[in-house]
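First subunit A sits with subunit B, and in the next complex the same chain sits with subunit C.
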Partner chain A sequence: MKSANRWGLRTLGLGYLALLLLAPLVTIFYKTFEHGLGPPLEAITSSDGLHALKLSLLMVAIAVPLNTVFGVGCALLLVRHRRPGNALIDAVINLPFAISPVVIGLSLFLLYGAQGWFGPGLAEAGIKVLFSVPGMVLASIFVSLPFVVRETVPVLQEIGTEQEQAASTLGANAWQTFWRVTLPAIRWGVAYGVVLTTARVLGEFGAVSIVSGQISGETETLPLYVEKQFQNFNQAGAFGASVVLAMLALGTLLAMNVLKGKEDA
Partner chain B sequence: MEAHAASAAAPRVGFRLSGIGAGLGRGTVVLYLSAIVLLPLAALTSQAFEDGLSTFWHQVTSPQAVRSLELTVIASLVVVAINAVFGTIIAWLLVRDEFPGKSAVNAVIDLPFALPTIVASLTLITLYGNDSPFDIHLAATQAAVVVALLFVTLPFVVRAVQPLLIEMDREMEEAAASLGASGFTVFRRIIFPNLLPGLAAGVALAFARALGEYGSVLLFAGGLSNTTVSSVFIRQQVESGNNVGAAAVSVVLLAASLLMLAAIGLIQRWSNRHEVG
Partner chain C sequence: MGISVEGAAKRFGDFQALNDVSIDVPNGSLTALLGPSGSGKSTLLRAIAGLEVLDAGRVLIDGEDVSGKPTQKREVGFVFQHYAAFKHMTVFENVGFGLKIRKWDKAKISARVHGLLSLVQLDGLADRYPSQLSGGQRQRMALARALAVEPQVLLLDEPFGALDAKVRKDLRTWLRRLHDETGVTTIFVTHDQEEAMDVAGQLVVMNEGRVEQSGTADDLYEQPANEFVMSFVGEVNRLGEHFVRPHDMTVLLDPDERSEEAMVRRIVALGFEVRVEFILADGTEVWAQLTRAELQKLELRDGQIVHLRPGQIKSFSGPSSSDGHGASTPRDLPEGGDAEVSAAA
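== the complex of A and B ==
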């Protein structure tokens, strides 16, 4: 390719990335620490800020393990136990990728709401799903459901079954084969899926905002806290929480790259 | 991020559960999917049609609903077209070009997947809002909708095209060039047709994401009458207590999502056949 064309494409491509990706990233850090460390630190260590951080971590602690166990099990089923119904399961797993978070939030809102199918029964039993932690957990699980399955299926297909056959010939039972042979072989793929799941749960906004009712200090995760602080004209608070989320995002990117390297190796 | 279809070559042996174990496993998977995904969507659909088909139609065709759907579809189409071009250029740079910092650029492409959408919205309004350091004022305009959607959908095309470019046989291009084809002709006749399956899948994924995007648009574009995308409209309807209206427009978005997933499935089947044949 002529060097003029090459430079043209470089300018276009990298310029686009600079305006769309790099500028926002720099802005978060610049805006947060514009007036020193004090204001963002204060915002994050405020009681509402800390509560939001804890609640976000709680979402991760519940949703990620559940979706990981489900994801690995489901991938095994899809790859190793082929049945006509698998295509349908496969299709349903992809749904959360394509559906708007707001639609997901509304669906849960309508199912567990006062007039919903489950609302009255649960209210009678004294269980509160909407505007409390269980509803937010359900929303987090829904939006992050596909990642582990999608990352594990191709790895499972790739490793084949020779080593597993060898293990079982040597007398290992199914459980031993899974823990000693299958899981070590697919671990980087699963880990990659876990990283994506975690990032998605930490960042989820639309679905959780509908089911949580966004009560400060009660049902507010970090992304919801960012919005509330912005609406209350508390820039320092909004950016302080954003910087925490941005650093987690950068950590995610780092983890993705390390894991991709291991997977390819 | 790609929706991998289960491969055609099924291993017959290897780690398998016994008949009872597999049955239990399958039951658990179906139960989990039903409880988490299908039941809520069924409740949504039932709510949308609760007052009959005419009410559903009335809600979906209300002027504000139609306006939000139009904006959503048009903005998504514009965004997907722009990112198809830039995504292909960026993928080409990452595979065929050498420049300092390339691996860092490659890593940062996924930032929109990792960064919470509300944080994206906050930074976009800081950069391109009223206090813009670049003097670019887009906040609360339809251009803001487009910029927010460009941000969140950027990785899809890059990541779909990149592996195809890596795998592509360069001998064809060299042959064409040695026979006198210009750079553009080589791209149009050889590179582009080979990238098309990935490009189509990336575009479909980006389009599906753009149709439903909420967080990144919220603060930056706002909910003015001419900047309300469908997801923001749904939220407004929930807040004003119009659950049926919110559910009706949601069902339209849901149908669009299903359509896009079906399209992606078809594209993948087409490109798999392409690979084998």
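== the complex of A and C ==
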């Protein structure tokens, strides 16, 4: 009886996952290769497709390191230097989770647009933020900001301060203590945060779509490219690019699970 | 190197952890800071290491005021209760950490680390990770790590507190021997008076952020400065305003002019020594420490009415106290004399 119940639950759970998560993924793979390798390959090796891929990777290359450095520093500030203002910082860091990416995109638009607070000044200095890479980088950083902080804070709390104090009694200064003791102790938490940040930046659509202006071959990331191909009834192209995007995302998620396994060990 | 602390004060919010504390630790000594939890002993030790910043007062190591120096420049070895092992490093890397920071070359580090590992009897475990060691082994590794940098002073914060009784006893003996060999000025914090007396030559008894008394184990036991020291260092019975050690209680079957009636409540045999609990006519509970032979001679049993004659009694008037010989007692207990034969002496 008990085992029948367990099998029932397991089937229900797996069925739910299969219907909601696996079925769409399988469809994409099936549709992509329905007419052989040719059409999808052509779509992603087109100049716009390749540019979109490169631009997505560029977003990752800029936003992820910045958010990692900021995230670790911020986590250290929150955990190791308890101050009255910390609760506010903690709440503000969660904002990107709470606010819809479209709203984030719009707010950047208002801030850096021709009539925005910073727009005219920056335009005079010859810096174009909207409809170009800087604006897209800003949007990517904004939406993926909390991950490293959120993953690092609990690990820092868990390791405590004794190892750091021991290092200082052994002659290590603050910098040496951070690199040799603190960072190695929190490395799996940070790595987990980095993986989540990467996945988020790769997949970001809403905020980037607003600030980029979606100019093909110029300000189009992979998700924007997929959307445009789909709108233009180029199904092979849309699906081909989707598969590339899905593979990148699956790769990062796989990396995350490997890291998680190591952390538990 | 001798250590002095002068007028140390430290407050955590509403809690006064240290209140005008001054101590002197002679060069080469092994000193215990003894007190109940919350007495400020750990805070004092951490202040010497620079891990706490004092609100007032100063710390001198070898005559030099180090109050403004950060921890990493004080050249102190510190051992934590929960080992503070670097979990991502092997035993070898843990012990060699301070030397690597000091940029020693590899061959020299290797020679020194292996020397220390054999000193703390961890030869052959150099490549293990801390998680693969027992508690006692981890604490010995932590000691080797602290000793590696040849500190001027060695500070141990409840070093055996997290270990089981058997290992604790072994490590005590071992720490004393290590101190004899290295001669490093050592201070260790403990709440266990037996451990303090077993290991240390000098004891500093602390309570509520103040030093109650310092001296040798004998000084504290024979000449306690006040009620707190008397009851914290060794066992004590309280008789009104007076205090008497349980081994200073003589059990008589017939009354004499200095005895008081008491009823046997419970007899607890603890190996060679026997603990007999009594209740006096006014309800006061006391106990006496007897030997097995004495108990057999008296043939005591539960509920029996006997007569107790206290030997050396002490009383303390107010916080600054004195030896209480000769004080009259509210309960008309006769004062004890040095000629009294104590039950377990």
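In this section, the second predicted complex is superposed on the first by the 256 of 265 C-alpha atoms of A that agree within 3 Å, B and C clash if a C-alpha of one lies under 4 Å from a C-alpha of the other, contacts with A are read in each partner's own complex, and residues count from 1 in each chain.
The working rule: a residue touches a chain if its C-beta (ideal position, glycine included) is under 8 Å from a C-beta of that chain, and two chains touch if they have at least 3 such contacts.
Predicted model only: the values in this text are computed from it and were never measured.
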For this session: Determine, for the superposed arrangement built on subunit A, whether subunit B and subunit C clash or fit.
Result: fit
Seminar exercise, completed: Comparing subunit B and subunit C in the superposed model, the one touching more of subunit A is B
For this session: Report for A:P184: first if it touches subunit B alone, second if subunit C alone, otherwise both or neither.
Result: second
Exercise. Which partner does A:T252 contact after superposing on A: first (subunit B), second (subunit C), both, neither?
Worked result: first
For this session: Look at A:K228 in the shared chain and tell me whether it touches subunit B only, subunit C only, both, or neither; answer first, second, both or neither.
Result: neither
For this session: Scan A:A166 for contacts with subunit B and subunit C and give back first, second, both or neither.
Result: second
Exercise. In the superposed arrangement, does A:Q176 touch subunit B (first), subunit C (second), both or neither?
Worked result: second
Problem set entry | Superposed model, angle subtended at subunit A by subunit C and subunit B (C-alpha, nearest 10 degrees) | 80
For this session: Identify the partner contact of A:L202: answer first if only subunit B is touched, second if only subunit C is, both if each is, neither if none is.
Result: first
For this session: Please work out how little space separates the C-alpha atoms of subunit B and subunit C at their nearest point after superposition, in whole Å.
Result: 7
Seminar exercise, completed: Overlap of subunit B and subunit C contacts on subunit A, residues 162, 165, 181
Exercise. Along subunit A, where are the residues that touch subunit C in the complex?
Worked result: 162-163, 165-173, 176, 180-181, 184-185, 187
Exercise. Across the complex, what residues on subunit B touch subunit A?
Worked result: 1-7, 9-11, 13-18, 21-22, 25-26, 28-30, 32-33, 36-41, 43-44, 47, 86, 89-90, 92-93, 97, 99, 105, 107-120, 122-124, 126-127, 147, 150-151, 154, 183, 205, 208-209, 211-215, 218-219, 230-232, 234-235, 238, 243, 246-247, 250, 253-254, 257-258, 260-261, 265
Problem set entry | Residues of subunit A that touch subunit B when the two form their complex | 1-2, 5-6, 9-10, 12-14, 16-17, 20-25, 27-28, 31, 70, 73-74, 76-83, 85-87, 89-104, 106-111, 113, 116-117, 138, 141-142, 145, 150, 153-154, 157, 160-162, 164-165, 174, 177-178, 181-182, 196, 199, 202-206, 209-210, 222-224, 226-227, 230, 238-239, 242, 245-246, 249-250, 252-254, 256-257
Exercise. Can you list the subunit C residues touching subunit A in their complex?
Worked result: 49-51, 70-78, 80, 82, 84-89, 97-98, 101-102, 142, 145-146, 148-149
